[in-house]
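The structure is given below, and queries will be raised subsequently.
Chains: A, B, C and D, in written order; residue numbering restarts at 1 for each.
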Amino acid sequence: MTMTNGYEQSDREEKLAILNLPSLEEKAKEIIPTGGFGYITEGSEYEWTLKENTKAFDHVQIIPRVLTSVENPSTETQLLDINLSMPIIAAPVAAQGLAHARGELATAQGMAKAGTIMSQSTYGNATIEEIAKEGNGAPQFFQLYMSKDWEINKTWLDEAVNSGVKAIVMTVDSMLGGYREADIINNFQFPIPMGNLEKLSAGDSKGKGIAEIYAAAAQVILPSDVKKVAEYTGLPVFVKGIQSPEDAEIAIEAGAAGIWVSNHGGRQLNGGPASFDVLKAISDKVNKRVPIVFDSGVRRGSHVFKALANGADIVAIGRPILYGLALGGAQGAQSVVEHLNHELKIVMQLAGTQTVEDIKKAKLIRQNPINDSLSEN
Amino acid sequence: MTMTNGYEQSDREEKLAILNLPSLEEKAKEIIPTGGFGYITEGSEYEWTLKENTKAFDHVQIIPRVLTSVENPSTETQLLDINLSMPIIAAPVAAQGLAHARGELATAQGMAKAGTIMSQSTYGNATIEEIAKEGNGAPQFFQLYMSKDWEINKTWLDEAVNSGVKAIVMTVDSMLGGYREADIINNFQFPIPMGNLEKLSAGDSKGKGIAEIYAAAAQVILPSDVKKVAEYTGLPVFVKGIQSPEDAEIAIEAGAAGIWVSNHGGRQLNGGPASFDVLKAISDKVNKRVPIVFDSGVRRGSHVFKALANGADIVAIGRPILYGLALGGAQGAQSVVEHLNHELKIVMQLAGTQTVEDIKKAKLIRQNPINDSLSEN
Amino acid sequence: MTMTNGYEQSDREEKLAILNLPSLEEKAKEIIPTGGFGYITEGSEYEWTLKENTKAFDHVQIIPRVLTSVENPSTETQLLDINLSMPIIAAPVAAQGLAHARGELATAQGMAKAGTIMSQSTYGNATIEEIAKEGNGAPQFFQLYMSKDWEINKTWLDEAVNSGVKAIVMTVDSMLGGYREADIINNFQFPIPMGNLEKLSAGDSKGKGIAEIYAAAAQVILPSDVKKVAEYTGLPVFVKGIQSPEDAEIAIEAGAAGIWVSNHGGRQLNGGPASFDVLKAISDKVNKRVPIVFDSGVRRGSHVFKALANGADIVAIGRPILYGLALGGAQGAQSVVEHLNHELKIVMQLAGTQTVEDIKKAKLIRQNPINDSLSEN
Amino acid sequence: MTMTNGYEQSDREEKLAILNLPSLEEKAKEIIPTGGFGYITEGSEYEWTLKENTKAFDHVQIIPRVLTSVENPSTETQLLDINLSMPIIAAPVAAQGLAHARGELATAQGMAKAGTIMSQSTYGNATIEEIAKEGNGAPQFFQLYMSKDWEINKTWLDEAVNSGVKAIVMTVDSMLGGYREADIINNFQFPIPMGNLEKLSAGDSKGKGIAEIYAAAAQVILPSDVKKVAEYTGLPVFVKGIQSPEDAEIAIEAGAAGIWVSNHGGRQLNGGPASFDVLKAISDKVNKRVPIVFDSGVRRGSHVFKALANGADIVAIGRPILYGLALGGAQGAQSVVEHLNHELKIVMQLAGTQTVEDIKKAKLIRQNPINDSLSEN
């Protein structure tokens, strides 16, 4: 363990033999200090949406298909011309130093080794440049929490562009933080500085809680801001936090090059639907005009399959990667996405889908409470 | 603590740091004596309706909205030309001396400080005049349990009018009490006199249980009684205890100036629907002819939002205020409504609603078990 | 306690202060020996239908009605020209000596005092004559388990007619017993002789289990048997064990003067629907041509109300009366039905129904998972 | 107990007094070593489908029928001209030596005594010939896991034909194993050789896990393979692992003489529907062109009835037979199917069905959440 500002960080670096992603949480609990663990795991209010996010996958079922020619299914896919070994990427998660001494640097290394995308967070514990360098050319996204100050935004975006990130991910669902109780109970404040904030006159982020951090960010983000960021960077911009077809349409009209369906892992609006439950309606509206990344609640290979079958092009995971970080550093994070992809391959074979594109054409069914017909999802 | 007629009353007076309203119940349990706590918390029969009242909010979901111009949402609103700082008021609750030595006086003070309405109960431990004086001009309602004797009703109503209450709330769902088991188990009888009963030849209320108190009240309340009270006082009359569109119509035709949708916190008819589940149908029928106050089961900011989106103009809470009273007197009660309003503001921002009027236009959705379309609520 | 053939029977005789019917089971468990208690409480197979019987009442809700002229609701009603103080009667239950030394004699006394009907069972521990005498003119039914031997049937039916029973109840759902596990685990055999079997050359019933008793009874009961019994006795015949509109029609065409909707308290076919869930469809088919008695799962006043609103004319209860027997003899049994009726009266007032006939016109609603309209049940 | 390669096998041989099939699991747990017990009981991933398999029977209900002429219902039936004493057969289960020293030999003996079909597994611990000899003429099926090598398939099929098996069962849902966690936790490898693999140059199966065994089998099975096996053997071929009408159609067109609806006991694709929930749609599509065997989740007589009423001609059980094996050898296995059939007979009587053909005509109902009409299943 490494001690930083009184906060104990794991410094493990090892491959993990993972049984499944849910089981990592209790193991990580023994390593990550209470305040950091609370921040990572919590949802908002009474966490209905957090729990529903994962339960919702049980609303629909995958049909086992047989007598197909499927053999050794391939999980290779593309997102915005980026070749990926799997349809699973890292979601942007702030303050990864809470889980590991090397934080985002380890995650970047792990995702690079896994052959997939690392998403940086504005509120990471290292800077954009540092994390990009660690990726050594592997594809990364930069998730922007817009600052009130456009000059600050430009500084970050310039660094992102120069560092070679492939896309900007604009988080638009966090004008303020959801009502998160673990942080209140733990009186949690970030123990480790956030690199991108440190290097600006925006000042020191150590000793602040997430509410204060959000309050210092832009309090309003409009469609015109999406356009502005897209034009300024010349990069594709994903709008992250979409939970309705209406907002997907607004984002696309504003110039979004991708829709990121997410309810921020149940950490923002409690009382909103499970992210998986709104995915298909959004996908129908988007109608393949732009790619869709989906997150919130994904824990199993069958969940990844269901999301891809219901309209997602790519699935992102958040908390489990942090648990892998704590338990094994870069290799730990790598083990997590590789395990999930391993589970996905099994599902693909048993569902009769050879490729990720085949998954997207697969029909899900819903146990129909009214009659026995296999109603399509 | 203060001892009155052998009953131990809290005499705390302090601001509360509230994590959430549900957690107050177990803390209050340590302070409020068993008999009083049982009376406050109980529902009727096997408490299906009591539990369903709060569970029902999970039947529908709020859509997180993004890329809006919403910033610092305002919870200010109006009810009958009364300006309120929040769309949350105190529901009438009898015998608040069970929770605190200053009972209704403290609640009145707390609501006044919070900038919202205190609802007096006929069966309060202080008189109408005393409670109004404590409010010092802040808006109050007087909830009437009609007496068999019109003279007695006039005495109370005169005092209410002269004390400056803004509206009369006629409770019509309690011709007798629901089958409440805690009172039976505890052999509960009110230890502290009820001021409005004391001052009449109706006699002493100390040592009676709620069944006896109700039995001494009017056994029948007809639409003509609503009209009578409205005409006599010249004040707006809310009819409280409406759970069907038919009864809302009857009340309006009888002269009601407001509909109070409530099932008395699950204390009356067990086996009736959750109050939230009947709200929209009633609201559709009322069709904005008169304002709607909604209570029964509200505990979180997302619940308040859902009620307002489903047709309520104002939301009232009962038990949590009593818990706040016990834990902190006037400031305790004030802390409770302010906390709930704080949670509401977070929901408002994340749902993209700038004002209470915006909430009323927001569409809720229902997870549809048949297909993935986002069906409107 | 009284010891009979090594089986310990309660001999209490006292009024009971009953909190509710469900709570009687665990109290009775302390008094009734294991084998007898298992026989009384068990359902069949994995007891899904047994549990669903009571849960099903939560599928529909009663609408609280206000501003009505209802006052002191009356539970008086009639069944086949018999005046009853309540729409609640005793269901036929075998071997009541398992619960109390005076068994059926005490129940008969208790129902007579309560002003309602006692239903005798062919497999009672006293004879038809003895039980009728105890009722001292109060109305009784005689439930017939047809014997293979018509002569035996005639003996019983003659005794029933001569004893003045008001109707014959033919149980048709027990050609053999459901798969009841408690009896197997307890290796249960009836410890106390059954009077109606003892007095025949059909021999001794002591030391037999229910399977053997049923095996000695008629193995087939046809519509023509209903007609035969009706013609032979000249009495109204209820057919008990109906769970489908088709069978109700068959029974009526066969001459049934009443339909007894029941799944034998979940003791027969596990995997069948809750009795309450099939009631309305049967009632619609019967269309008031004959009265309907309903049993299986009723435990609360709101349950009685829901059954009457959904088509039943009368509700019968079984196990709770046995618990009341064990705890207080005749007065105990009387206390049970009187308590249930007391709960019913409260529901009636709060639902705005003055009489039992009003309950039958009341509309129930169902929380609709698809939309918010108050769909009628 | 018998020790084989360090694995402790039961060697009991006794009739069992069975209360019900579910209760056998915990008793068997005390006898079967951890690794073997885990292999037998496990499902895949988070075992949603495994649990749903049995829960799904509660989605529909059997209507109790009365006043019928049904007496001593008969469970005799036929499958492919084979006379059976019951509509229940043994599903193919690999490595039965995990449960008992005599493994498949004991099961074959038990099923022969019970008058029903034993299904051999390619991965049994005895050879095709040995198991057939033990059956002594009683009907057996041979379930084929196709080898990559057609010569090996021919060797097995020749032995099957020469041993007099009545049908080939081709398992098509296991191109690889589902993600089974117990095997991973236990690091499970088969301790006892598989006879049919041993005798080939395909080599030794001891010390391998199921993943390796499956990986050595054919990785693709096409409709043409079904035709090939049917033509080569001249025997009826069942295609096992069908969970959709589309695949049933494909199998029939490929020459299948029977459809085996199964999700491999929830061990393959987790996230797929309960097998019972897809049965009726498949049966409607098959439209009696070929017989349907159904498995996955059957544990009670009411489950067997529901499967037969929803389109199955025969029901197969897997794990419970293994538990019976462990607890009582051949007689134990026999006791299991006989007990299940005993429960079925009770259900048949109470449902008014005299024969298995009558069950197939019985209508199931579904508790309708929208209204009270008895909607047909």
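In the analysis below, a residue touches a chain if its C-beta (ideal position, glycine included) is under 8 Å from a C-beta of that chain, and two chains touch if they have at least 3 such contacts.
Source: prediction; values computed, not measured.
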- So what angle, to the nearest 5 degrees, turns chain C so that its CA atoms land on those of chain D? 90
- Item | Most widely separated chain from chain C, with each centre as the mean of CA atoms | A
- Query: At the interface of chain A with chain B, does the proportion of residue numbers present on both copies reach over half, so same, or stay under half, so different?
  - Reply: different
- Rounded to the nearest Å, the gap between Cα centres of chain B and chain C is 42
- Approximate Å spacing (C-alpha centroids) for the pair chain A, chain B: 42
- Task: Mind checking the centre-to-centre distance between chain B and chain D? Centres are C-alpha means, answer in whole Å.
- Result: 59
- Residue list for chain C, restricted to those that touch at least two other chains: 369-370
- Task: Could you list each pair of chains that touch one another?
- Result: A-B, A-D, B-C, C-D
- Enumerate the contact residues on chain B facing chain A in the complex. 19-20, 22, 57-58, 61-72, 300-303, 305-306, 343, 346-347, 349-351, 365, 367, 369-374
- chain D residues touching chain A in their complex are 45-46, 48-49, 56, 59, 172-173, 175-179, 181, 184-185, 219-223, 226, 239, 241-247, 250-251, 254, 263, 268-274, 277-281, 310, 366, 368-370, 375, 377
